[in-house]
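Labels A, B and C are assigned to the chains in the order they are written; within every chain, residues are numbered from 1.
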Amino acid sequence: MAGKEKKESGLWEYSPAPESASIGKIAPKYGLFIDGKFIAPAKGRYFPSINPATEAKLSMIAEADAADVDKAVKAARKAFGSWSRLSASERGKYLYRIARMIQERAREFAVIETLDGGKPIRESRDIDIPLAAAHFFYYAGWADKLEYAFPNRKPKPIGVAGQIIPWNFPLLMAAWKIAPALAAGNTVVLKPAETTSLTALKLAELFSDCGLPPGVVNIVTGAGATGAALVNHKGIDKIAFTGSTDVGKIIQKAIAGTTKKSTLELGGKAANIIFEDATIDQAVEGIVNGIYFNQGHVCCAGSRLFVQESIHEEVVRKLKHRIKSLRVGDPMDKNTDVGAINSKAQLETIQKYVRLGKEEGAEIFQPSCNLPDKGFWCPPTLFTNVSQSHTIAREEIFGPVLAIQTFRTEAEVIAKANNTPFGLSAGVWTDKGSKIFNLTSKLRAGVVWANTYNKFDPVSPFGGYKESGFGREGGLHGILPYVQF
Amino acid sequence: MTQRKISGIPATSPRIDQVGVEERCARFTSRSIKSTTKMQGLHMVLSMIDLTTLEGADTEGKIRQMCYKASHPHESIKGLPATAAVCVYPTMVGVAKKALQGTGVNVASVSTAFPSGQGPTEVKLADTKLALDFGADEIDMVISRGRFLQGEEQFVYDEIAMIKELCGKKARLKVILETGELGTLDRVRRASDIAIAAGADFIKTSTGKISPAATMPVTLVMLEAIRDHYFSTGEMVGMKPAGGISSAKSALHYLVMVKETLGEEWLNKDWFRFGASRLANDVIMQIAKQTTGNYQSGDYFSKD
Amino acid sequence: MARLEVLKTYKIFIGGKFPRTESGRYYSPRDKKGNLLANVCLCSRKDLRESVVAARSAFGGWSTRSAFNRSQILYRIAEMMEGRRTQFIDELIKQGATASAAKKEVDLAVDRLVYYSGWCDKFQQVFSSVNPVNSSHFNFSVPEPTGVVGLLADEKTSLAGLVSGIAALVAGGNTVIALASESKPLCAVTFSEVIATSDVPGGVINILTGSKKELLEHFGSHMDINAVVYQGNSNEELSQLRSLASNNVKRISSYDKDWMDTAQQDPYFIMDAQEIKTTWHPIENIGSEGSGY
């Protein structure tokens, strides 16, 4: 603690505690999961999926083109008839079965998620995988109760849902998309992100083991072109997309002339606001959890920190002290807090913003960490002396980079917090109840965490205001995007 | 160790959110402590124990047996450290002192109408003086929880300061907050701040007579009070969770908490103690397991 | 000697005031016989811009106003409209309606305001939820207004579509810029005069007249409009609107409805211009069974 910004010399350092990689069985090559079978892509093209912590190749992933996507949509369309006519309680039972089987194989999924995406095993083991299973379990129960969700309405499924998910929570996002779609009687064509396809493909295997009828869920792997083929396919009734605001806008435009429904869960630049009457130590934890969770690869990350001026010095000191105890490195080590950046491209983006932050005059702090030689790494980073007009305070970085600003009054911080095109999430820290409710009602964001941050639950609706997208995932409100009246 | 500087009661203390504290504690317990870290940690734990007996039925014989255990934890394993201290009633300090002569193990005495603290201040002072006269190296006093809960913070502060004055340079003062009777983490934090301001060398969770005794959340809140004091003055204060920590595994998680909250400067018996009676054996068994590779049975370890 | 009728100058309604269009332009809708109905403002994109500024500045106050108060104000609009029934009926007849159809439309518009007045403090209860999360947190979700909303009002009705759209939007706490029926704009202007005397804060409801073809593009592309409600059935218009909406991820709702149908009213019209906000807070759990804080 006394040493200034110097790596402490390890009186009692944690020995490596690696999770066993062997539990994650990964095939050397994966095809496309269409109509209940893994098949080779039409053009026979494959691309590698690598471990971002070692840059070692994990597997070869099929690249789906328009013809493959067409096959998948047709399979989903064919399956829609019998799946939507299946009694709702039976549909629900399939989902229950899926949830349980994910729980049974949780450790295997966690290991693969960490190998493929670079997130710490602690997070994939304690957060991603249990939440994914819980999501299926929650929506399983809705399948035969849908008419209670919409007063005075009779919900019907929409048809075939095209779903495109990001690389930051691969299995969890698949669960967020697939579970409510199936519960409401739709069938699905899902495209995982190209850097993190593996757990979705393992999920496909699990669907087969569960006896899910062929074609109910189809998984097409590939990059942007595959996604575009899915979005533009005429046989799709609905697009659900989670990803960047830029791509979200392209999708919104692409389907403008069609009757396709859509939900978009896009970027964010959340304000996390600390008042002088906050529980400071818990707030510091909330800041850390808000921005360094999952390497900051979180659309709702609390990337803009607003600290009341009277406690700025104290908060920054505690924050610096705290992030020195974060362990950065091997994601498979059970003691790792911050894992690998998901890809080289993302690392370059983050580094660009860190450079911009310095150039624009903000003051950087990074604890010294012994980063591995191979792989993609960024230490937990914070910037002080940031003002509202700095690029790092306006644009989504999607990395472990925090921009700290100060404020004086409630009115000022509400105005600053809302001064962004985004509106996904926000955080408020104060011990005063009436102030919390003032803030939580005035912040224009879909999720507001008061005296906590980055909490997720299947029963809790999630989604954005403004350019952070529309539609909700999770909870009762998460069913609406998958039904029509 | 330099003499603590005394200051007045701080006007306010930080507020505490219980759920946030529990979440942080869950992170400490998810640390995986393996191989050399574990072995090193177990030795550290053993060396930080205040081996304790505080029974109405304590006898001189019982005290002598415990003192032997404290200075020779387990003869068949070489290189084990002695415990930091034994902790006894004032009347037993003389016996313990004699039994521990030349071992380097300190004798700590509870005092101030332990465990309830419901006695006149004069009695508390006399109680403490007696223990000091018998040669106690450390005094574990209890605060007047009743007065604290009545809002008489100045009274509580003054009592601690008087005991501290009595201890002078002779003995280090541990102040027991009896957190199980304080009701909220906000009060734990407030009591910690008062004790530190009044000159406590250590703050200590519990007497062991009230449930709950030491828990990770109360310990974390107290560690944060110590850290905040250090941040503002540069002065270190020690911490002693007592009661309820009986497994080596949980003791290691406490060390993780100290390391990540305060830093490694606190990871020695000068600044961190465990008040425990059963913990030592589990630690020794774990050390034996690490050495031999076999899981151990209690039958092979003395229960003094 | 017959008295010379005093004709009304049909203005537009922005920020609680009645200007003519800044452009100075007008158009002249005519009845079936070819008689001039009025010289109506042909609004420009600048008029739209001014309206958005007014609607944005009114949004904070309107959305945080108590639901009960919003409810009373909507009811007040109905009261004021009731008193002007004959004027609306006359205008509707001028614009080609039969006497009975005109009376039906005015009655329906008044009743619809009363209907949505009632929803102001109730739809939140129907569409909110308390979510039992698997951790020590209190978690609830409530609808909040989307913000500044454009309304491209029904072309076929002069009053029914416009009032249905505005009532649902402002009941939910949004502020509105409505573009009136191009061919039947008279009632919209008179309706704005009703609004002006109904305790509706300036800027909450703004009403423009003019060419949909010209202004639709600007409704779609304006970065400070959060949503647009389109009452109509032109795929071309809708697809243009949706395409432009992607500039700022604007929400587009479209309804091809017969607004004269008494069944075309329900809280889902309100919900289409609502966002769901979810709030979390820890629950301290001390002193109950099994707690050992």
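Please note the rule applied: a contact is a pair of C-beta atoms (placed from the backbone, for glycine too) under 8 Å apart; a residue touches a chain by one contact, two chains touch by 3 or more.
Since the model is a prediction, treat every value here as computed from it, not as a measurement.
*Asks:* Using only Cα atoms to place each chain's centre, name the chain farthest from subunit B.
*Replies:* Using the mean of the C-alpha atoms as each chain's centre, the farthest one from subunit B is C.
*Asks:* If you average the C-alpha positions per chain, which one ends up nearest the average over all of them?
*Replies:* The chain sitting closest to the overall C-alpha centre is A.
*Asks:* Using the touch rule from the top, point out the two chains with the most contacting C-beta pairs.
*Replies:* A-C
*Asks:* Could you tell me the distance, in whole angstrom, between the mean C-alpha positions of subunit A and subunit C?
*Replies:* Inter-chain centre distance comes to 36 Å.
*Asks:* Taking the mean of the C-alpha atoms as each chain's centre, how many Å separate subunit A from subunit B?
*Replies:* Taking the mean C-alpha position of each chain, the two centres sit 44 Å apart.
*Asks:* Using CA atom averages as chain centres, what separation in Å is found between subunit B and subunit C?
*Replies:* Distance between chain centres: 68 Å.
*Asks:* So which bits of subunit C are touching at least two other chains?
*Replies:* Subunit C, residues with two or more chain partners: 137, 282.
*Asks:* Mind pulling the subunit A residues that touch 2 or more other chains?
*Replies:* Each of 451-452 in subunit A touches at least two other chains.
*Asks:* Check each residue of subunit B and list the ones that touch at least two other chains.
*Replies:* In subunit B, the residues touching two or more other chains are 17, 19-20.
*Asks:* Show me the residue ranges of subunit B that touch subunit C in the complex, using the header's touch definition.
*Replies:* 17-20, 22, 183-185, 211-212, 215, 217-218
*Asks:* Can you list the residues on subunit C that touch subunit A in the complex?
*Replies:* Residue list for subunit C touching subunit A: 64, 126, 129, 131-135, 137, 139, 141, 144, 146-147, 226, 235, 239-243, 245-249, 251, 266, 268, 275-282.
*Asks:* Considering the complex alone, what residue numbers of subunit C touch subunit B?
*Replies:* The contact residues of subunit C facing subunit B are 136-137, 282-287, 292-293.
*Asks:* Provide the residue numbers of subunit B that touch subunit A in the complex, in ascending order.
*Replies:* Touch list, subunit B to subunit A: 14-17, 19-21, 23-24, 30-38, 40-41, 44, 224, 227, 230-231, 255, 259-260, 262-265, 267.
*Asks:* Report the residues of subunit A in contact with subunit B in the complex, numbered from low to high.
*Replies:* Within the complex, subunit A contacts subunit B at residues 1-2, 8, 10-17, 122, 126, 277-282, 285-286, 314, 317-318, 325, 334-335, 431, 451-452.
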